[in-house]
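Take this structure, written in structure tokens, and hold onto it; I'll ask about it next.
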Amino acid sequence: MSTGKGNPILRASNITKTFGNNTILHGVSVELAKGEIKILIGSSGGGKSTLLQCINCLVVPDSGEIEVDGMVIDITKKKDLYRLRQQVGMIFQDFNLFDHLTAIDNITIALRKVKKISREQATQRARQELEQVGLGDKQHLYPAQLSGGQKQRVAIARALAMDPKILLLDEPTSALDPTLVGEVISVIKRLAAKGMTMIMATHQMSLISTLADEILFMENGRIVEQGTPSVLLAKGNKSRTRGFCDSLNDLVGEEG
Amino acid sequence: MPEPISVVIEAFPYLLQGTFLTAGIVGAAMALGLILGVFMAVGLVYGNKVVRFLITLYLWLFRGVPVVVLLFLFYFGLFNYFNINVSAFTAVTIVLGLTTGAYQANIFRGAMLSLPRGQFKAASGLGMTDLQAIKSIILPQILRISIPAWSNEYSIILKDSALAFVIGAPEIMARTQFVASRTYQHLSLYITAGIIYFVLTWAGVMALRKLEKHVRIPGYSANGNQ
Amino acid sequence: MELSPFYQELFTSLNRGVVMSVALIVPSAIGGVIIGILAGVIRTFGGRFVRAVGDGYAAVFRGTPLVVQLFVIYFGLPNLGIYLSPYVAAVTGFMLCSGAYQSEYVRGALLSIKSGQYLGAQALGFTTFQTIFWIVVPQAVRRAIHGCGNEIIYLIKYSSLAFIVTCIELTGEGKTIATEYFRFTEVFMVIGVYYLLLVTIAMMILKRIEKTLYVPGFGRS
């Protein structure tokens, strides 16, 4: 198992979340070591998205403990939540770029307002990040003028500019046109190669099989299976994960 | 019984009779505006340069001048000047009709522009004349789309009709003013008038909302305009 | 070229009147926008009770004619011992009425902001205040500006009702002259031109503002 590498940079333990009568998470625990990549899979409604949003408290858990880089978060304190979110970047399925700001301003506004960095420094940093994701020439375009793949790359640049210790990715390619998925996947792979710590919900087989240090299979608000891809996806393994991934492969196959 | 209330109770039937005139003004003005609006919208979308310019000028004039000013201009001014003898009711109806016509033209124009271009071509392709296409293909669609904006226009014209009293048409407001000046119960009487208008406004808006649902075509988007 | 005494007197009074009209319009527009923002925010985010109050306010002032509102304020309130000067009564009525309409545009603009915008900001560590100030307000302003601007144009036209509560502005001044000389056609045509100018100038300013605020893909709602 790959969880043995030193102290975890993220520890979320026993996260519970209930909406009304509907319990979405039943005491889920996740740990990430520095540089580790874990991938959440499972059919929709299984709690992947809620778990990710609980980790940076966009959805405040009912109970459980969150610890980032040795700092325990008091989820009842707003200050703690703001600090937590600055350290944990998040990529959404539908990008959530600020529609009234250009690509570069989407990045600088967070640097300037949240991190209180000067405009010049923020602009410089934002430019670097945009170039990293191959959008150096699109800095002054507005979200409406960008393709889905470009929007997602801006969103990734925006998150990275905040120097997060961990990146949460919530189905980053699901809202994209099939032809635009590739550009986002390659950006994510480059991040992985640089050693970014990530936890990602995705149905993209190419990401699951090549990036995951560990796969977490979620169902009904619980992690029902976890392990390395080489074990879970091995031929002859009757794991739920393998069955699920086969059905993903079939889908891709049908689509040609 | 306190006087403010007894006065209202006594005057209420008299005030309510004004509703007939108010309804007449609003109904006739909206109808006039509908006809004008449709013609001008067609002119704006399909007309040549001169037609478009003239209609645009008309819209600018009637959307830029206050209703009260138009009432004075027409009733005491133009109609007098040209020796046209009209009642205050007719004058109000004409002025409000001309005004709402300008706004309705814009509503219908917006609705027409929101229609897919293929509609007109398809009609022509079936051998319809331009007029037939507009009448039986374009109009039924834009009238449906326009109901929400039209209902807004109704509420504006209803409220504007309360200005008829400045030239002496005996509608709700004029009657209220008449009673108030004799009984000095201004507050309760004007609040009563307000309640009558309030009921008329929202009743009309609700009725049009019902109509909108009634004529809705499944799968046909009703938000082409605004 | 010398103007005839009639036209000299006409333009003197109308110019005096237009000053009064502007003195009515400007504070009413500002007050209306402020009330509209407050009421709009309350109607969107308020608790059940304040929201009901805000909705009720908007329904009443949008459901009744402005003349009736002015009459209640100017002629009605004295029945309760409250006496307002014509000017104050007119501005109060204009502000309250305009605010009700403005609140509709503000509410619509606030409702049109997608939840993802809030999420995106939160995920970056924005505080609630920062989210409102840097994300919600700039977007809402762009969505509301067209409607709010149009409402101010309506207000310019409806300022002509002030003379009914004896606050003598453009229309009131004109009416006095027209009655005196019995030349309604000329007088009210000239008044019409004054209003057309006011409205057209306001429209041009509004267009300018909309153009400066324009962001691609961020159209009117």
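As written, the chains take the letters A, B and C, and residue 1 is the first residue of each chain.
What we mean here is this: a contact is a pair of C-beta atoms (placed from the backbone, for glycine too) under 8 Å apart; a residue touches a chain by one contact, two chains touch by 3 or more.
No experiment lies behind these values; they were computed from the predicted model shown.
The count of contacting C-beta pairs peaks for the chain pair B-C. Comparing each chain's Cα centroid with the centroid of every protein Cα atom identifies chain C as the most central. Averaging Cα coordinates per chain places subunit A and subunit C 47 Å apart. Separation between the centroids of subunit A and subunit B, computed from CA atoms only, is 55 Å. One simple way to say how far apart two chains are is to compare their mean CA positions; for subunit B and subunit C this gives 21 Å.
Subunit B contributes residues 4, 60-61, 63-70, 72-73, 76-78, 80-81, 155, 158-163, 165-166, 173, 176-177, 180, 184-188, 190-191, 193-194, 197-198, 201-202 to its touches with subunit C in the complex.
Those residues of subunit C lying in contact with subunit B across their complex are 59-60, 62-69, 71-72, 75-80, 157-161, 164, 171, 174-175, 178, 184-189, 191-192, 195-196, 199-200. Residue ranges on subunit A touching subunit C, taken from their complex, read 56, 58, 78, 82-83, 85-86, 89-90, 92, 94-100, 109-110, 113-114, 142-145, 155, 158-159, 162. Put simply, subunit C touches subunit A in their complex at residues 116-117, 119-128, 130, 134-135, 138-139, 142, 215-218.
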